[in-house]
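Same chain, two partners: chain A is paired with chain B first, then with chain C.
Our next item is the complex of A and B:
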């Protein structure tokens, strides 16, 4: 399409030129544009390399240091950098996984409804709303989670802990040294489950918006063929839409996962985090996430402590990198079956 | 508005032009005369105001006084335009070293110099024959706050507080609490401790108290970080603790006393006498504590008596100045500044900005007399 527009423009702008359709002059515009766009593409590599260099140069001394090196007191209390960093990495991944478990089915469901079930008008209004939700700043989600969602859910958590404590994830009782069981239920509902719910809410619009676009691109012929074979609408979705869209859904999920892994403000506000590993959802002993930990501790730390925080940042960087590479791998291996080409 | 801006612009342009003209024509007389005139003007200004202070003085020390010192230095410099005064909140140890090594003219510290260390000659900032004066200028109370529906205050001893915060007392209706609070209906609910998750002087102040009054229960030294992290919920900053306690029934926490409104507040003491964390009660415990004996006149190190009448969880921060300076102007400046911060006005400013408890009149008098003795 773009190759056909220049002649049309030339007719308008250079109407006095008799050889308007002949490629005669060197096109500085073209050269400039291709220069800018390839420059921008290169810039991505430069920025990525700069970030990686900065993180690595700052982080290496912290990662290899002795445990008793003066830095963050929590690092020396736990007996070493990795004893401190791995629980944080766990918290980051665990919160993101919980958020994904809640967000993906919800988001795919919404997207399917919008693309294949809802009346056009409803779909349009809903689409606007979803986009609006994606634009809400994370600090607002954090405030809402802390002041509205968490206190509202607290009675439910209490009930859950009392009636379903046989289920390990909902168990918020801890034995003291003398064997006495004490409740360790989080105050005001500020626990991992609330934080994951808010994270899920934050990534749902991203996954929804992208999945909807992908669903809408399913070739009409595939859908019609499926329906013509006697499939119900759900069977048609299962046979035609989902296989076609799988790589798209995965990319959408990875974008959402990326946001969940790196989300700082909302988690820092809602989750009273500690450096530990636990799968329990309702206690006040919650594993903190890397991003929130950095945000909470950067202002007060100095010198070597800052380097340790940057090293944690490098770990987060690597986690997101690995997640994205896995996603790329999945998309690449599924491409030939998807029918998208 | 617009007109004035244009006029100002024109004026500046004109000035710039004349300055340029002076340069290019090479007539130094005109360009030199202007600065000469301004200096003479400023000199006459300062001489006309005979008592006005001028010069620069630096202080360093305890970060507990950071906010108060910030407010004090700003106000002092506003009132005395010729003075530059600074306070670097690097920590008590850094402040004490600073005055020993002569880096700063005065220091701030949460601890007074010991008698052994406070010897003439060991302070590079002072005259060779001078020691330093420890002057209590900042009292900061910490309140224990809790959330029990329908209960506004509870009596506690230091030991009970230590047991509650350590988790040794599990429920609100524990006999140890009920015994001190006859007539209060205590619920059969577990106590949830909320502590500061970030490093904090408040935590240090509070754990220092718990360790001092109940060392057998609270076996950890004072620290900026909460020691028993297993048994409680962390919260960020004073606001975080406050809102967690305010929103969660059956919780207990600790905050600077200035933030303890709208929640239940513990009264501390023993033997039937319990004191609220009011500024007056905080100042009273300092007054009722003895000054350390064996010190030079004007060296006012308080031996804080946590059992004395008054509210016991207080932090006393000292301003540390030389008894005698080599430089008369430095002595004047330090005296003027310390006089200001220990005055009723200075104390009121700190109370407003940092939530400290103002010194009592009695203590203010002692500090004033000590400051007046500073000389050069």
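Our next item is the complex of A and C:
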């Protein structure tokens, strides 16, 4: 290719228009599209700002001033906003953490099976089933947890409390006034463990579906590199698939965690929660979650009480935000090694 | 530790597709053997059958024997994983593990053997392998940086270092330079000539000059016609194949009067 060709001097004003370099007419399609997309982007800011303004304007008074007579009775009884809100925040995080502990290994395992072990036909059928599970409404999960899972597990909880009570989480014994120990198991299995199980079940499909997509994107090149070094299938997964998929798995887990933190209906139906902090899983004393508490109490509250509930909502919002930022931090800290370059 | 490879009456299938027919070939140790031929003639498939990497594709199987110093790689009790630890492979596109540092990449194969290796021994192995791949001087100051930050040619040499770190008997190379610039290609070719002092090297290449430059023996593969399985047409000393081949098809291909 020669670079010495002189540039064309005339700009085709006289000859046919298709060779002209002059902008012919305004491109309405372009303008419209760029307008719509910038508008949509702007909309996110507007909505976020609106939500944040609403939350803070309603929540700040509730967080800072003394509870008055129109506030929630429980807040007054506990002696202040934070004595009430922090246990709820604990219950929210605790139930979500338990759910994650159960759901993540299960979901990643299923995803690996579907992407790297199952025959293609089986994988496809399983994929549909997982999608189906994701489509079950949370109120149905709640009903099922309440009416089927909890009573079914109750005998198991009993056994767990009798044989494994040395493990603090499973200990549900309480001393009576005369010093005798009595079991204080939740009625009908409606305890934190059941609620966490149902939560786990609800977030498993989304983590599975996303992880599977990520696993499938592992370049064949890297898998072959590993196999050619004499890796077994599992070693190949450990060496090539999992490290490559790590950021994706973290993102998937965060989505699941977000859902678990904010899940309202299932927890509200299964768990007769109270405002308290305990790690024990089997007792009738269970911490409530923010979302479930709001749903259970909002209809009857008024005035200052509403603002207190909104303040709790703001705390939930902040928890979710922090969780997401931590996840982003984890992903960014190993960006160089992500394989994106 | 270089070993002789004997391929006997080898047919390779992918499910119902008959990819390669009736290959008989002896690959000498401490020498470079080049596989040449047009695309789709089965040379890569034959190469991959030497460490059973073609089995990555579902439904692949072979009929015939591939003997590594007399041991059939397709024997009843043979574990493909073990085969691949003795027969290393370098691929068309450089594929260092992106999540690992240069050092970890070199050690990747050793780690698989679950060998608990003292740090000092690891350091030694990393240096020896990287020196063996003519890469040491370029990366010795940044062993903990990601392998994916290197240039294409350096990445490919890193992959070679990774392959020789587990001291294989054979190194297979599937068009190792096709994604590289001429300077990097030259570096790899020099390296190939050095590798044959210790290993049996088999290389697939589309680059005729490359085959002529680096190999001692050349094997020419071709299809009788489209849709037929690939076959080994002729094998001999590189000198002879390039200057005085026995088969007309070989001469046509070498001189570019092909197809």
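Quick note on the criterion: the second predicted complex is superposed on the first by the 306 of 341 C-alpha atoms of A that agree within 3 Å, B and C clash if a C-alpha of one lies under 4 Å from a C-alpha of the other, contacts with A are read in each partner's own complex, and residues count from 1 in each chain.
One rule holds in what follows: a residue touches a chain if its C-beta (ideal position, glycine included) is under 8 Å from a C-beta of that chain, and two chains touch if they have at least 3 such contacts.
The structure presented is a predicted model; accordingly, all values stated were derived computationally and were not measured.
Superposition note: with chain A as the common reference, chain B and chain C can be accommodated side by side.
With both structures placed on the common chain, the touch criterion links A:296 to chain B but leaves chain C unconnected.
Contact with neither chain B nor chain C is seen for A:116 once the two complexes are overlaid on the shared chain. In the superposed model, A:259 lies in contact with neither chain B nor chain C. In the superposition on chain A, A:274 makes contact with chain B only, not with chain C.
Applying the stated contact rule after C-alpha superposition, one finds that A:224 touches chain C and leaves chain B untouched. Contact with chain B, but none with chain C, is seen for A:186 once the two complexes are overlaid on the shared chain.
When the two complexes are overlaid on their common chain A, residue A:176 makes contact with chain B while staying clear of chain C. In the superposed model, A:239 lies in contact with chain C only, and not with chain B.
For the pair chain B and chain C, the minimum alpha-carbon spacing after aligning on chain A is 51 Å. When both complexes are aligned on chain A by C-alpha atoms, no chain A residue touches chain B in the first and chain C in the second. Contacts from chain A toward chain B in the complex involve residues 73-74, 151, 154, 174, 176, 180, 182-183, 185-188, 190, 268, 272-274, 284-285, 296-297, 300.
Of all residues in chain C, those touching chain A in their complex are 51, 53, 56, 81-82, 84-85, 88-89, 91, 93, 95-101, 108-109, 111-113, 145-146, 148-149, 159, 162-163, 166.
Of all residues in chain A, only 219-232, 235, 239-240, 243-244, 246, 334, 336-341 touch chain C in the complex they form.
Those residues of chain B whose C-beta lies close enough to touch chain A in the complex are 167, 170, 190, 192, 194, 197-199, 225, 229-236, 244-245, 247-248, 251.
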